[in-house]
Amino acid sequence: LYLKKTSSTPEYAGRKNTFHVALLGYGYWGINILRNLVELPQVSQISVCDINIQRLNTVKKMFPEIFVDTNYRDMLTDPDVDAVCIATPSSSHFELCKFALLQNKHVFVEKPFTSNTQEAAELMELAQSRGLIISVDHTFLYNAAVHKIKEYIDTGQTGKVAYIDCTRVNLGIYQPDVNVLWDLASHDLSIIHFLIEEHPTHIRAIGKFNLEHQRVDMAYLFLYFSSGLLVQVNCSWASPVKIRQIMLGGREKMIIYDDIEPTHKLRVYDYSRQPVDEEQRNKMLVDYRLGDITIPKFSTQEPLKAAIEDFLSCVQTGNTPISDSASARQIVYWLEKAEFSLKNNGELVAL
Amino acid sequence: LYLKKTSSTPEYAGRKNTFHVALLGYGYWGINILRNLVELPQVSQISVCDINIQRLNTVKKMFPEIFVDTNYRDMLTDPDVDAVCIATPSSSHFELCKFALLQNKHVFVEKPFTSNTQEAAELMELAQSRGLIISVDHTFLYNAAVHKIKEYIDTGQTGKVAYIDCTRVNLGIYQPDVNVLWDLASHDLSIIHFLIEEHPTHIRAIGKFNLEHQRVDMAYLFLYFSSGLLVQVNCSWASPVKIRQIMLGGREKMIIYDDIEPTHKLRVYDYSRQPVDEEQRNKMLVDYRLGDITIPKFSTQEPLKAAIEDFLSCVQTGNTPISDSASARQIVYWLEKAEFSLKNNGELVAL
Amino acid sequence: LYLKKTSSTPEYAGRKNTFHVALLGYGYWGINILRNLVELPQVSQISVCDINIQRLNTVKKMFPEIFVDTNYRDMLTDPDVDAVCIATPSSSHFELCKFALLQNKHVFVEKPFTSNTQEAAELMELAQSRGLIISVDHTFLYNAAVHKIKEYIDTGQTGKVAYIDCTRVNLGIYQPDVNVLWDLASHDLSIIHFLIEEHPTHIRAIGKFNLEHQRVDMAYLFLYFSSGLLVQVNCSWASPVKIRQIMLGGREKMIIYDDIEPTHKLRVYDYSRQPVDEEQRNKMLVDYRLGDITIPKFSTQEPLKAAIEDFLSCVQTGNTPISDSASARQIVYWLEKAEFSLKNNGELVAL
Amino acid sequence: LYLKKTSSTPEYAGRKNTFHVALLGYGYWGINILRNLVELPQVSQISVCDINIQRLNTVKKMFPEIFVDTNYRDMLTDPDVDAVCIATPSSSHFELCKFALLQNKHVFVEKPFTSNTQEAAELMELAQSRGLIISVDHTFLYNAAVHKIKEYIDTGQTGKVAYIDCTRVNLGIYQPDVNVLWDLASHDLSIIHFLIEEHPTHIRAIGKFNLEHQRVDMAYLFLYFSSGLLVQVNCSWASPVKIRQIMLGGREKMIIYDDIEPTHKLRVYDYSRQPVDEEQRNKMLVDYRLGDITIPKFSTQEPLKAAIEDFLSCVQTGNTPISDSASARQIVYWLEKAEFSLKNNGELVAL
């Protein structure tokens, strides 16, 4: 019955130019999603769902024309709704995505996609069978700095990549239902998956359980590759300072991506000239430099905005989003295996 | 026979106020040792040995009164020599230390002490049986910043230490006869041994072998403690930037020690106030801060100078140096076990 | 006639709890004002005026319930409008403020208040005679870091302030109708006026005229005080880097306020211990430090939000806003005199 | 009589390959000069003069072969001495230089050259009439970073230079006999004289007298050029932080030279692309950037060593040193005029 309503079939949405988008969850990230939705011309109507009525009142105060509701089921069964943005705690992603897909809604969901690969697979099948789009909000896949790094790698400028060393640490924003791997390392894993074609063969994670918070709040995750590439992701909720840094070492160039830096996010170190004699080598003991450093200029745009635009564009065209469910499933798979390693005392796990 | 020569018995040296010190090795670090020796009033005569005659000529040009020689055996059999500073490649430490001790010379030797614990034990026994002092040049044990951190821990200001995260990376000064663990991680291990009373129960090391240089040039070393303390040392010769940082997380305070900073080496973060409600928690998403930060002032002195002074003072008094052979042996033990883990694919090794 | 309409007399507005606010100008800063207005519960209705219809359409798309108009006269003669936020180019401030006040609207206007002190005085008189509030958007007066500095001064912790050195430079955002003094130095002048009770006796400005842009784009402004306090404001649109720094030197403490720093905005240097002998003096040649440094934690809030809230609160209570027209007039007076000095080759001008 | 002694005529020195160098003053900078002298192969003998016997004992302890004396007259009348390095307080420079030149010694003297231009002229004449070399230790003229900047200017890469903004501030190393202009600004003036061919037409200095130290300890110095170039030098002994920065704005590129930075001393900002429309202009409000930034690699050497080598090379060849007395005299002239402006309330002074 439901499927017969023209306004809600994916085919129809595909022909539409503007969409009615429902947002589930108006917390920290939901606020950012809504701010973008209201500015996008391709969004004709917005509905917001949250269990907290006070938050809904805040929305209503600012945007009286937005529909608000505490019941997501009512909202998602509305045939006028074309697409759903899910910004609720991770543990609810599977249930909400599934319900939305069953109502023939396209889905944009916060990372991590699901709690395990089985759930991810089920959602992917469901979406495929109904011709629906799933995009997972791995925002770094829409970050111009990450795309610039990929350009350096793909054009051969870096040479063969030998290592990637990621640090993503800050102070104590404990997530209610996931540990630090799923919260922070998931960002780096999505970036590595995007940058590096090769698939890792093994994974390992070493972590520290915080008794007070009953959660792993520091972890070191390693990815091993046949080519010799070694990746470490150092993530923590227990660092006094916020660091968002990726160091990538290629044979010809090394890149440091510091996401905290307002204007110098990328520094590219020319490493092509090796010291040839002892005098040069001793000089390096003084300045530790070989060649020029470049801080490339690239265009800046809010990644979240680009992510939502890509999602809505794919809803219209049927194309696959940059951050699609297949890559998101892969991240979940790695996290799942990393969690296994973590619980088994840092055991090396084959992928 | 030899022992009868009063000028060379340790007892005699112990009564002397000024000493004849021989320096073996006039490379990068030997230059720094000599610069300090010539300034110390308790050093009455210096001899320098190196196999490179050009280097000896440089010494002779600057300091005509210094004795120079290419043969260390001749130099160390000279009964006038009281003590020896060994600044040669690591692989020669055992042989040179043993020879010096057999000639009844007190020994100040570069880190790492020896290549394995057996050698370290043999040298320790030899020194003990002859009443000789061995001091190993773990310079950070004479660093005022490290002592300040110890003060914060020992006075209970940090609260229980939950983690220590060390980063010691720079570009490509490949050592001729050791890998990056023995070269760089040894510094952090000596600091941890000094700061933390508790002994680790397990160790693990994950590294990357550089085919071009035929040496492990990146490694991640972990120390596990019964109390829950987790230590990581990230060391690398393949980083485009030089970083010398130790982050220490206690329950009450966190400390960042950045040894590159000229004047702000230590930053102490007050962490005693935890966010109590969601509003505070959300505010932390903005500024990631809980309390004041203090950058303590402490006296500065060249650690190497303090190390040599401590050594010579102990030669005179018979006291044990801060950086004694027992702690140096422990560092060698950890490095030995880390190396084993490294070669066994990051296996967890009991200590 | 107009005054008889109860809904528009200031007395009425004073009794109201919620207000209809008109925003004139939807450019860079107007966007920020609107974002805050829509979130404030004391704002019941918003009208937005801009001569650019495309911008008004953007507003209408996001907030259909907002009234939009290209004619400010029609908007301001609407008796339902209680207060006006003016975010148009500086040269229009006087005319728009005057018109608004004549319609009995309370006024919140961008800095600089007016183009000269005569205009400022006329507006102040007009507002006073009608019991209307004028608040000028000197946002730094609502900045928690500035208030923290004032606390350090007023509690005597800094000791007597000897100098203030301000640097406010960035790359080339040329304002259409003012030079760099009125655009950038005005911020520092408002901060100095807020921090320092004493009035300067003389002013001087040295600048550089940019031929291409036909505008002074670099200037050095000096304020002289009887107490000996010397203030410099270095402002520029021609700097390759953005710097927002205020260095304040007191006899006991010095403060550096770096507004670019995300979390370390204030650093407080203890300067109370002076070097007493030559040895200490020589040590300073090495580390240039005397005492501890503290990075105080203070609450953070968007200053613009606090400014608008203060304005609306004063509309209701009749109190004087922190950033009132009297202090804004003083800033205009200083800028006027600085401009005179600038045009007279850096002549020293009495205030 | 004296001149007949072959060993002391400048002609003879000119034919010599190695020199006997006398060092007057073994304070902070004298220590650095001696350290370099002992390493230079062209220095065959060193004599050190200081009124402090303890210092001379320190020298003698380290370098027994060095001659030491507390009487500079005896030392400089020794016909074996070829050249003199003067590292005494500024007020003694003229007397010591004159005495040395009268004994036919070549002179390397600390900056500032003399206390006024008349003294400088007298010394220059004296040296010229006797064929002697004077080099003034403006070390930055031997700094690779400064030469790299000159290369950028001279090859036209920067385009026309519009401004130079120098900051040279630190905490409280009060000089005994000069104010902050002569101590710190002299460095920047020597750099500007080296970089810019054009001569300034006017100078101005604004400063602050420190009552406690009875000396001007903060000053802002301005140089005006016909081409429109404006230079500011901000120098202070009352800054809580040490800053050594020169910002140079050209039409095509801007350069920031941060001498504190260990490895990133120069940053070169490409400024050739101007924002063309309002969208680009608004984007600049976000990232304040136009083009790539380059951090060029250049060779590093201790500038003082290069300065002494240049001096001794000129003694031998009769060439003019990079840092010759003519340019040093010009710096003294500017400082003299700046001092006049300072004392006349910041009056603009023609050069």
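Letters A, B, C and D mark the chains in the order given here, with residues in each chain numbered from 1 onward.
As a working rule, contacts are C-beta pairs under 8 Å (C-beta built on N, C-alpha and C of every residue); 3 or more make two chains touch, one makes a residue touch a chain.
Given the structure is predicted, the values throughout are model-derived calculations rather than measurements.
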Legend entry - Joint neighbours of chain D and chain C, given as chain labels: A, B
Inset, instruction - Taking CA centroids for every chain, report which one is farthest away from chain D. - result: A
Legend entry - Chain centre separation in whole Å, for chain D relative to chain B (CA means): 39
Inset, instruction - Report the inter-chain centroid distance for chain A and chain D in whole angstrom, where each centroid is the mean of the CA atoms. - result: 54
Legend entry - Touching two or more other chains - residue numbers and ranges from chain C: 241-242, 262-263, 267, 288-290
Legend entry - Touching residues on chain A, where the partner in the complex is chain C: 38-39, 41, 58, 61-65, 241-242, 260, 262-263
Legend entry - chain B - residues contacting chain C, complex: 262-264, 267, 270, 283, 286-297, 299-300
Inset, instruction - Could you please specify the touching residues of chain C with respect to chain D in the complex? - result: 28, 162-163, 165, 170-173, 204, 206, 208-211, 218, 220, 222, 228, 230, 232, 234, 236, 238-242, 247, 249, 254, 256, 267, 269, 271, 274-275, 281-282, 284-285, 288-290, 345-346, 348
